[in-house]
Amino acid sequence: MIDKGITNWTRADDAMVEHAIRRGATRRDLLRMFMAGGASILAGGTILGRATAAMAATPVRGGHLKAAGWSSSTADTLDPAKASLSTDYVRCCSVYNRLTFLDESGAVVMELADRIESSDATVWTVKLKSGVTFHDGKPFTSADVVYSMMRHLDENTGSKVNSIAKQMTAITAVDPLTVQITLAAANADLPTILAMHHFMIIADGTTDFTTANGTGAFKIEMFEPGVKSIMVRNENYFKTDAAYLDSFEYFAIPDETARVNALLSGDIHIAASIKPQSMRLIETQSGIDLVKSTSGNYTNLNMRLDMDPGDKAGFIEGVKNLLNREVIQKSVMRGLAEVANDQPISPMSPYHNAELKTRDYDPEKAKALFDKAGLLGVSIPVVASDAATASVDMATVLQQSGAEIGMKFDIQRVPSDGYWSNYWLKAPVHFGNINPRPTPDILFSLLYDTNAPWNESQYKSPKFDAMLVEARGELDFAKRKEIYDEMQVMVSNEAGTAIPVFLSNVDAKSSKLQGLKPNPLGGQMGYAMAEYVWLEA
Amino acid sequence: MHTKAFWPTPRRLGYHMNWIGLIAATVVCFWALVAVIGPMLSPYPPGEIVDFDYYGPISAKLWMGSDYLGRDIFSRVLMGARYTVGISLAAVCLACISGVVLGMTAAVVGGWLDTGLSRFLDALNSIPSKLFGLVMVAAIGSSIPVLIVLLGVIYTPGAYRFARALAVNINTMDFVTVARARGERTGYLVTREILPNITGPVLADLGLRFVFIVLLLSGLSFLGLGVQPPNADWGSLVRENIGGLPFGAPAVLMPSLAIASLTISVNLLIDNLPVKIRDRSE
Amino acid sequence: MNPQIVRLVLGRLGVALVTLLIVSFVVFAATQMLPGDVVEILLGQAATPEAVAGLREAMHLNDPAFLQYGRWLIGLAQGDLGMSYANNLPVAGMIGGRLANTLMLAAVTAAVAVPVALFLGITTAMHRGSVYDRIVTTGIVAVISVPEFMIATLAVLVFAVWLKWLPALSFANDVTSLAEMLRVFAMPVITLCCVISAQMIRMTRAAVIDALTMPYVEMALLKGASRRRMVMRHALPNAIGPIVNAVALSLSYLLGGVIIVETIFNYPGIAKLMVDAVATRDLPLIQTCAMIFCLGYLTLITLADIIAILSNPKLRK
Amino acid sequence: MQNLVEIRDLKVQARSDAGRRIEIIKGVSFDIAEGEIVALIGESGSGKTTIALTLMGHTRPGCTITGGTVRLAGRDLVAMPEAERQALRGTEVAYVPQSAAAAFNPSQRLMDQVIEVAQIHKLMSPDAARVKAVELFRALALPEPETIGQRYPHQVSGGQLQRLAAAMALIGGPKLMIFDEPTTALDVTTQIEVLRAFKSVMKLGGMGGVYVSHDLAVVAQIADRIVVLKGGEVQEEGPVEQILHRAEHPYTRELLAAFEPVPYASASRSEAETKRPILEVRNLVAGYGPLGRDGRPHKLALNNVSCRLERGQNLGVIGESGSGKSTLARAIAGLLPPVSGKVLLDAHALEPEARARGKEELRRLQIVFQLADTALNPQRPVGDIVGRPLTFYHGQKGAAREARTDELLDMVRLPRAMKHRLPGELSGGQKQRVNLARALAAGPEVILCDEITSALDTVVAAAVIELLKELQRELHLSYVFISHDLSTVQAICDDVMVMLNGEVVERLPADRLQGGAQHPYSQLLFSSVPKLDTGWLDSVPPRAAAL
């Protein structure tokens, strides 16, 4: 394998991976290959099998796909900067394109960009594909990229990735097909960052999003916030081996039972995010497949270090020892989870610290720790909600373990409505749910940096902050991993975030629906399935 | 509406009840008893995971199978009785007491108080109950007192309307007029003259309202508002285990049966209330 | 028209208006109680203090509550429902399609439930005490005692998942033919019929039985009238008031009470819209939805009252 | 020749709430010949209406015929299938109900209801039926016979409705007419007109009839034969003259005796005149509905009424329904505050509203209502009802109150054990006594008696009047006695005031009622009271049918 040193993935790299598999490359080889790209592999094990399966089938054109997600709201939007729910992502992915995206292995793949190059990881040159047009016929140029990127820096846009975009200090069009992005500090992850859903490319000057004028595989035909959207194939799509479907209909069925029933009755082709308990039913049905992928998604218990009882020495460690991870994995998640060790980098990531052992379930040790903290027998309110996947059940498991050692956890289940704004980050002890992020850098900056916007436990460590900056600019994988390894240990031991398991995502689909692969960015091929899947007759 | 007005007070034992009423009364008493002593009988703590399987079948160890986490459904149903029956009963009492007191007062006092109260409660009644519940729980959070007050408030206008209609009828009776002519105060009129004459229908109404509250509580639980875990009312039990319905899992059937048996029994009991034997041989 | 009728009808309309005003106040007060700042939810991670303050100012959220209430009320009176906080679309536009869906479902349900309920109510009253009566009344008790989400979920399992006769989802806008409409609406309508017709049957039966005890019905019997004639000619015309009232009350459920059915069948109706609006703290949308429900309720109840007034022969010319 | 109706050993059972069966008709037998009118006389509960209904093969819900036969023109109605009975009703035998106001469907035009029999049995075309109905209206002396059928029941008067009910019965040309207390709910002046109409059509048609009534005097005018019933059994049976003049059965005699006028001799007249009146009403104006521009209520019920009641005397107020006599009592009691005018109790002006009056004033003036059924709270035992004023006015509690309650029950001649009973378990007369005892408990000086004997059977009513008199002697009470029944007023009052349309038309001493009346309305009123004399109805000259 060729060590290219600096990330500059091209389309050819895709073929390389596939080629490698064909040649019977070992897993280790492949991992090395991915590492070389600086991409994190978040979905290792499952992908390989899937990739091989996908290879065998031949795409068929035509058909109308009906797919259901799980969340929808009247705030549904076609503005990629504001997208916040899975339905937004799926819709946006089908009508817009990003400069790069991540494939099923987590590798960076070029989309609208032809090449992304940098010599110092600070100044990046993005070469754009030529001959791409928007739905309204306007050719795609560097001005569109500049406009799309600059929007995120404007406070008034209300962009969800404003804090990440801030590191881009200058975005300039060098020529019609070249853009230069200058970062405040070196960051080797930029190609991966550009694969985030919010960095989709819109036409220069767009302020009205109702027509969703993108370069994507589908054109929006009908969009009703909170109800559904219908997309039809963009016949001028620049990718030739994509967009097999004639049309694509997407909506949300928030009730999981209803979602499964709709799939079973043949009303929809794919139901996203299936609960572990529904698997038994689905597995008995012929013509229905499950697509599982373990990504970096997790539900964690946050104990704020600056509030009672998290500020009492021993409490947090006690809770971490009292979490019965095996029961959570087996009973709550029915095996659709990997046991975690209180830090956010999943085992699928090349940066995962395998040396860091999972804490054993040790009620006696926990009891001693609680006793030391003077909290034994004190009633501790724990805020949980259906908004954070499985958090109520996890809380119940914790509560039960607590009851055995005389520790009272008082579960406060609160409505999903407003959970993220009213309880998350605010309650002394509460659950959170973190979606997969492509790089350790994003995870740590978002969640553990002293000034992190979502510093769930108010973890503040100058040493950690310094290491984060150091790693970001470190171009050598081994050195970088070394830093990240230590940071994982710090988070696991010092932060108030107990991460019991990494959750697997399960989509259930009709076997007619082909071409669906797992993706580290989330279910339904990282929400981008529309252009890759096809319907068998 | 036709009502079984004017029951004589029970002084002598002399009631007659048909067999449907007896069966219904037995079931209602059974659940009332379970609500009181049930949790003492439960074999496992309601939150404990006792089975690694989920939606397990009925077995000697687990009398009603296991739920989606592998918890004992029998224990959870026993514990749920306390919440479902308790919350509904408290709410129905709250609704009926406030509704009946306000209704009688409005009927007796009349005038602006009557008009004002009627309009206000009518307005309250016009808001769909489940949505009202959702908004209020979103506003003040879900806890047992909140649920009780919420359900009580939702059903107060109905109780008010019913009691007021009855009280208006009684209020025109001469014995109330006599009491007025005697110079009695409103408090006396309401408690001693009106109330005893509407208790029969009000009790029947209370029973019906109880059924509605049980169902609404289940509905609210279904929409995600309810008792805090590890406890759960029956509606929550059905909701959290509804995925077991395709297999006919006892985890979902048992709490459903519990709800249905309670509500059907209360309904039947009201339709077949004991009748006092009052043969006047003159 | 009899002036007395005109006076009574105008009186009822006046009462409805006053109630609506009280409702608007209650709705406004309740929505103001909702915790969570809409601005913070709107801005999400971009919620810097300056941005929050600016947006609050722009949305008039710093004004005293009564001023906001007044502004909202004046807007309502002029037919201006305001703009949605969540996506800045006009509320009227967002509600339009959803309201049509809700009304459609309500209309189909009413068209099925009301005739069935009246038929059952009248016939059971006519054959009071018969086996038929007992079967129907016991059946009603059973139906109203089962939570609607059970009925709905069971219906989906049986008809959609196992038998695959009917679709599990009901999308109003997919309907192209009458047959298609019947298929799509079948399950929600059956579920809702179970929920609302029980009360109508009970009340109709009670009202007819009540009217049957009237001396003029006995008189009809003594004239040699058949049971059918006694019920249809003598009891029923005099039971219209309470029956219409029961029908109105039951139908009012079809606007806001269908949230569970909308959830299970994923039907894009207005109740779900309101629940979504609560989640996003979209106050103008919540308030408008609530007002629509209350308006619907009041319209139905007032209509029932007016029909009862008109059906009272003592007020006929 | 066989009789039109032959009833043999008829037994009817009723089911109590508890499902127990009670025999309410215990083997009754009697006949009705063609063209004969037989009266069924008895007090409430005697079974007279039940028997009348069996003649149509009908029993009220809960009752069943358990034995005997009811033959109508030779066919047994008891054994007949329901369909055949249906065919007979309205054609062979027809029914005139007690309250025509309730027996007409409020939502149908009168004509449609009158000709319904013809339509049900397809006797004639609707047009022919309408023509026949108009003929009947004419025969029954109904005003505007051509158009009255187009009205709704609430648009015609009670007397007219009762005649329309007769027309409704006659349209099918029945052989047997059943009149179930058809004039009981009517005022005397109306009753006489209705009776006259009935009598003439019955004579013309030559039909057989059953006339159910509790009033011997009314029956005497219309019937050929009388059957006296009590407790579901025939007590005595015979031609009218024989029953009226040569009654054998003690119960019949008791009924007759209640008709004897008992002249009232006031004991205290001479002494009363010297004192100031205990109650005086001056220029009282009262009514219902909002006040108009002239300061008068929308619907005026009392117009400028004045009267005075001397201490120890009784004032009778007499008039028809709607004359304002009950309103007067309510205005005096402060239940309906008068718009203007004064009420003086012992020369002291009372506040218009009871709420504003002092406890002592309220105590001295008590009111007793017409219907003892509704005047007693059905949920409270007699002891409580009687004891409440003791507590309220006199602050008595415990043993003292018990003792006084016992005394009061003694006073109204009720057994003391009754204080544990609920009103529902008492008979009508007993209830009215409890009602009185409650008023007495206050220790009043004036009692307003609003039609207190009207709902009682004659024999019972007479006993209540006796009781009132006794109490007056013992307790020095003064009564305002409101009634539509002349004989009861005569039996207890010193002075009588005649009211019409809210105004006093005449005042005169009770002993000069007969013959002393000057005002034409008073004269009409007094002359319309039926007498126990078969020839009375024909002897009273008909008056212009308008009131």
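Letters are used for the chains, namely A, B, C and D, taken in the order the chains are written, and counting of residues starts over at 1 for each.
What we mean here is this: contacts are C-beta pairs under 8 Å (C-beta built on N, C-alpha and C of every residue); 3 or more make two chains touch, one makes a residue touch a chain.
What you are looking at is a predicted structure, and each value in this text was computed from that prediction instead of being measured.
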So the chain most remote from subunit D by C-alpha centre is A
B-D or A-B, whichever has more C-beta pairs in contact: B-D
For subunit A versus subunit D, what separation do you get between their C-alpha means, in angstrom? 89
How many angstrom lie between the CA centroids of subunit C and subunit D, rounded to a whole number? 49
Where does subunit C touch two or more other chains at once, residue-wise? 35, 153, 157, 161, 263, 278-279
Residues of subunit B that touch two or more other chains: which are they? 138, 242, 245-246
Which subunit A residues touch at least two other chains? 257, 416-418
Parts of subunit D lying in touch with subunit B, wherever the complex brings them together: 16-20, 22, 45, 333-335, 354-355, 357, 359, 362, 366-367, 369-371, 374-381, 388-389, 392-393, 420, 422, 424-425, 427, 438, 442
Please output the residues of subunit C touching subunit A within their complex, sorted ascending. 35-37, 40-46, 48, 51, 84, 86-87, 89, 94, 97-98, 153, 156-157, 160-161, 164, 166-169, 171, 263-266, 268, 272-273, 276-282, 285
Tell me, which parts of subunit C touch subunit D in their complex? 214-216, 218-226, 229, 233-234, 237-238, 311, 313-314, 316
Okay, in this complex, where on subunit A does subunit C touch? 68, 72-77, 84, 155-160, 162-163, 224-228, 251, 253-255, 257-258, 261-262, 264-268, 416-418, 421-422, 453-454
Subunit D residues touching subunit C in their complex are 53, 56, 58, 60, 86-91, 94-95, 97, 99, 102-108, 116-117, 120-121, 152-154, 168, 172
